[in-house]
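Step one of this worksheet: look at the structure below.
Order of writing sets the chain letters: A, B, C and D. Residues in each chain are counted from 1.
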Amino acid sequence: MPNKQKIINDPIYGFITIPSELVFDIIEHPYFQRLRRIKQLGLTAYVYPGALHTRFHHALGAMHLMVTCIDTLRSKGTEISTEEAEGAIIAILLHDIGHGPFSHALESVIVKDVDHEEISLLFMNKLNEVFEGKLNLAIQIFQNKYHKNFLHQLVSSQLDMDRLDYLKRDSFFTGVSEGIINSDRIISMLRVANDTLAVEAKGIYSIEKFIIARRLMYWQVYLHKTVLCAENMLVKILKRAKYLVKNGVDLPSTPPFNFFLKNEISRQMFFDDSKIAEVFSRLDDYDIFTSIKMWQWSDDKVLNLLCNNLVDRKLLHIEISNKAFDGDKQGIINKRVQEKLNLTEEEASYFVISDSVSNNAYKPGQDKINLLYRDGTMIDIADAADQLNISVLSNTVEKFFMCYPKECAVKD
Amino acid sequence: MPNKQKIINDPIYGFITIPSELVFDIIEHPYFQRLRRIKQLGLTAYVYPGALHTRFHHALGAMHLMVTCIDTLRSKGTEISTEEAEGAIIAILLHDIGHGPFSHALESVIVKDVDHEEISLLFMNKLNEVFEGKLNLAIQIFQNKYHKNFLHQLVSSQLDMDRLDYLKRDSFFTGVSEGIINSDRIISMLRVANDTLAVEAKGIYSIEKFIIARRLMYWQVYLHKTVLCAENMLVKILKRAKYLVKNGVDLPSTPPFNFFLKNEISRQMFFDDSKIAEVFSRLDDYDIFTSIKMWQWSDDKVLNLLCNNLVDRKLLHIEISNKAFDGDKQGIINKRVQEKLNLTEEEASYFVISDSVSNNAYKPGQDKINLLYRDGTMIDIADAADQLNISVLSNTVEKFFMCYPKECAVKD
Amino acid sequence: MPNKQKIINDPIYGFITIPSELVFDIIEHPYFQRLRRIKQLGLTAYVYPGALHTRFHHALGAMHLMVTCIDTLRSKGTEISTEEAEGAIIAILLHDIGHGPFSHALESVIVKDVDHEEISLLFMNKLNEVFEGKLNLAIQIFQNKYHKNFLHQLVSSQLDMDRLDYLKRDSFFTGVSEGIINSDRIISMLRVANDTLAVEAKGIYSIEKFIIARRLMYWQVYLHKTVLCAENMLVKILKRAKYLVKNGVDLPSTPPFNFFLKNEISRQMFFDDSKIAEVFSRLDDYDIFTSIKMWQWSDDKVLNLLCNNLVDRKLLHIEISNKAFDGDKQGIINKRVQEKLNLTEEEASYFVISDSVSNNAYKPGQDKINLLYRDGTMIDIADAADQLNISVLSNTVEKFFMCYPKECAVKD
Amino acid sequence: MPNKQKIINDPIYGFITIPSELVFDIIEHPYFQRLRRIKQLGLTAYVYPGALHTRFHHALGAMHLMVTCIDTLRSKGTEISTEEAEGAIIAILLHDIGHGPFSHALESVIVKDVDHEEISLLFMNKLNEVFEGKLNLAIQIFQNKYHKNFLHQLVSSQLDMDRLDYLKRDSFFTGVSEGIINSDRIISMLRVANDTLAVEAKGIYSIEKFIIARRLMYWQVYLHKTVLCAENMLVKILKRAKYLVKNGVDLPSTPPFNFFLKNEISRQMFFDDSKIAEVFSRLDDYDIFTSIKMWQWSDDKVLNLLCNNLVDRKLLHIEISNKAFDGDKQGIINKRVQEKLNLTEEEASYFVISDSVSNNAYKPGQDKINLLYRDGTMIDIADAADQLNISVLSNTVEKFFMCYPKECAVKD
């Protein structure tokens, strides 16, 4: 690969080597470069200031693990051709290419009912045109249409390279060191039997710890109450902006963001009209956050206040609980907000958020993690003797939260 | 503290500062220096070649955590006087001073029915004489006779500084990185309420992970099958040596080891005759392992073979199982050993080991880990909502193993 | 400090504790929060994708080291009052508060002849008003007007907490692990004699390594050729934008950035008109990069091309050399650019950059690093026997570079 | 490789994979297993308690780097056959197999004028017999008799895999983190030109830092004054023991150690009589230290005192200086020792040690580190422009030291 930079520094793995010229060219493409401008964890840096890493960096990391993993599986006798390897590598590299900025917050505002995996597929198809069909196999693997099932499992399952990298990367950059998993060891224990991915039985404690680490990251980072609060404020900002634009208010914003604020895009339109995806491909964290910065001077009191608060990190107060909040509480607080901030009930509703989040650390059944014994038996890890606690971890944990201006709190 | 080295390099914490002159002098004492010659993990380096760290290093590490922890608790308003602080620091520093070499393997051979905590207390009392009563408070705390109960809990409980350091240190030096716990974070979440140590409720996931890490270390390191095998071979060597000495064979060994081989020491004698403890204080890894090296030339075939095998790391084969082995199996293998090695049944029994190990990751009840809620409620972590899996981890897991010469294996 | 978050997670130090309520309130102020939106290393992430850390994070890190350092110096007998400690802590916390986005690139475009330290001082004075004079001592220390000279040296010298943190942080996030310095050890070797900061003589090798690490970071990261190229492209973009605006072209940009594009601000004006600093305090990476994103659709060919190239990371080719380039070369390449891109000579000049960079790893004399011997002698480290190589490192190294479109290269 | 353990945990590299069955069998051989019982850094743990790692562990680490390095060189187009790779791997694995316990201290006492590399070769030849000639190529490479010169350079030169591993490993286990080098990056910059090993020119700063790290490790660890003192006490102990044995005193010691104490072995005898090497192959840290422990009860006052002091870490006082000590000083101190300890002049001389140590960080000329430019030029790194400081580092630094009982110190 003459004259093409082949090695990228990574604080986690040391070096990431780009495995082929095609992969290099895909990385160079503007669709992929866009991921440099989309943070992996959105507003999480408001709690963990180091959490500024991007989807670009994560995609490279997951690619690196895929390369390592393929080497390992080959050394254990699993046949994987050069083409299959490149297919799996490209599939993991592009698995998140359809993510928009502040993904969870925006999805309800920008394009409803389209999940980012579908958009990833859309962009993979566009890139396949650019690269003249060289992504065919990657797309088959991504869609689980390729006969060697385990290649898809490496891209998407409860033990895929995506998860191994993001858990490690997110804990690294947040500094929540308990989330750090040993991806090397987990990969060294993978094996393929009957075209299915499995973990060697002796790896059971590592997997258990991986699941616990994931659970910890959920409650400590992804669903951290301050992060939840900031993200919900962002959702409210976007809703208010959309509402104002719909009512004819002229809000300053960047061209691609403006497009999505002005137009109500249906799922159908998104996949039919290729121009829309093109606009989407221009959208990143800069568009959203810069627009919010500009709205700090909006004439609309609600938008103005929410944007100033978010930019200066003056967040709403958040209460979190294992039980649902009393139905009246939200109403009472809304009343107080109306009084204190001199707002209508409808306006006040932007400052009183009540919702819940839930998570289960492991989902048995589909996508399960298989344990492979020396005698060839393969079972779902949740069913392994001695692992009662994994089955327990399959239970869904739900938590309720309410956000509101601190000065409007009510005593229980 | 003029002219006294005050800072020790530690690959784990960076620097360990010796907090006072008295502590410095205790560390300098030969009783404590002896711990430099006792590996924390005995024969574990046969599996993890980095695991050569000593009880000396661990004691310093636990002392360091105690210093940090006391600072933290004070910053949260718990009053701890200078004397109490030094007492707790000395108590943790000396908590393992009674350990002999290859502790678990030797305890049945050297002094029966005396556990190392009693011997630690014995040495603490001896040091208290040397230092003219300055260890009084440390001893009270160690024995849980001091009214501020939490000080003892820092020295000895399921969340004591001992555990925090050894888990971290053992995973560091073995390279089993999944066992690494975040001692800083755990300590930062400790709090004292009603003179009792507790973890702030938000720390629940960290504690959960701490328990899982401990469980993983048990099965991956402390009870690793190859380690089990080597330790059991060591036990057999010691038994054989003792048997031979009792029958008048003159085995070369170092003077302190020789003393314990020649004499049957009862619990009573150990605590009554202060000379015995003095001999014990001379005994370390060097005595045991060098004697075994010398026994490689013994005329006794059993001892000769076992010692050669252990020194050259030609270990017996070990089988491990969740179920007890068939009662006949041991007998059949013994027969084979008799034939292959030309031994009597009794001699052959040294090469066929059958036993079990068990562990429970968390023990509710006594010594429990308390969770402290904002409203002041304190509960056992195993009873916390959302932590069903901790209660599950309280179940005892038992595994059965059998060791024998590989060439004498039988098909099941 | 009730109800105020006191601990911040940091992947480098583990935890950063906010030492006082005043410091907490300063951190909460929008001036300081703005630093969350200014990357420490500008466009360096184009080479090292992890290098997204902000001036916010660095300021907290330097504050953390200051706290540690003050503890150390006190433990060695240097008297530092609570007020002095807080003064030094606030001085280091705010030492970079005057930095604008993409500092080096923008300084020539936004406000000429004003260096960021002067702006930092301006903001410190503004904050001092807000906090009713509580920053007086911090400002004195920052300006080196306080009699205990060493406090200023901790804030600004060749061994200040600023450098210790940024070298460590930059090497951490870039993954250039050779740059990692042992800040703990260096701090542990600091000492104050005659109100002057010095390193204990035994620390000489650590300091030597610190200087070499800094030198390595310069050439490997700060002056990495690809980073140089991207930054120089950014400078050209800003120059072109300013030129166009001056000529009446209406370029979309954010309000604060627009202000600086439209107005030529002199040094005098900046310090006289407090509104200007207020606008400056609104400016961050988002303003600059989002405007560049919008200029991708500019009608001006030069701006359009440069912006598209920068956003999509299609950088100019860069040549680097220890000798100055032949004077004709730039002219010849400019001609080629005119032809290939169909531009005028003046327009082409935006695509042909020729300049040099220089660095000396250590500067003897003012700001020097002092070595303190046991007998009380203090000398400049460059003069220490056995350290000939440090004096050698004082030599300035200069390198020349030229950037241009790859297809316009000329053979030498 | 069925039924052979292939992966070893290492806290530094994560996992070390054993690359072939032959290598596995060599590692299993008692000659190699002996290295488990020889600490890499002798008595250094008296200063850095973590420094207990063994020559066994280091040899595996160096082997691991060799595997990585061969992969890298192959990926850059250098042809290395499977046999050559295995040869180089075995050569590095066994490069230190001839080391005895406490190498530097013992060499003058045990076998004079034989350096450990010659003994390594002797053992390699013995192993070559055991493995029926399969080590031929390894031995050729080790002796630099194989035509591909760079393979020998990887085993033995100023940038060999030995150094890369030991610097990294020693700094890791001591906790002297400034010594940590980035072996991955250095290896990634290696290249072969004209069968000679070279570093790509861009790697110059990494090499500079590597040399500085080595220099730091010398003065901070290998020649640390307390380590020097302990090692010199050990030398004195061995000299006294040898003297006593020669004079007919019956000292207890282990059989192999006893052999070397009793017999004066010449270089000739060592290589002629294969039984001597066999005895040597039984000798390890346990023999030496256990014998010293036993000599704590010796009737000889000198031996008794020195051994008690070394075992209990009551070390002599050591003074270190850049200048040679005044000739009279040693005599005056010796007199004091005679008085205080009631010894003859000759006996007192065991307690007054005067010597010097020297080190040069880089040696130009033979074994030099080559820098390879893009145009194919290759130069000694000490001659590279901009690297004046490396040439400065070639100067030899010498330091003088004197050890004696603290109470016998004289004022200068």
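Observations on the model:
Note that contacts are C-beta pairs under 8 Å (C-beta built on N, C-alpha and C of every residue); 3 or more make two chains touch, one makes a residue touch a chain.
Computed from a predicted structure; not experimentally measured.
For the pairs B-C and A-C, the count of C-beta pairs in contact is higher at A-C. The greatest centre-to-centre gap from chain D, using C-alpha centroids, is found for A.
Centroid to centroid, with C-alpha atoms defining each point, chain A and chain C lie 32 Å apart. One inter-chain figure worth recording: chain A and chain B are separated by 43 Å, centre to centre, where each centre is the mean of the chain's CA atoms.
For the pair chain B and chain C, the distance between mean C-alpha positions equals 50 Å. The residues of chain D that reach two or more other chains are 14, 177, 182, 185, listed in rising order. Residue ranges of chain A in contact with chain C, taken from their complex: 8-12, 14, 28, 30, 33, 36-37, 45, 47-50, 52-54, 56-57, 60, 172-177, 254-255, 282, 286-287, 289-290, 293-294, 297, 311-313. Chain C contributes residues 177-178, 180-182, 185, 205-206, 208-209, 212-213, 215-216, 219-220, 322, 385-386, 388-389, 392-393, 395, 397 to its touches with chain D in the complex.
By the touch criterion given at the top, residues 7, 14-15, 182, 184-185, 188 of chain D touch chain A in their complex.
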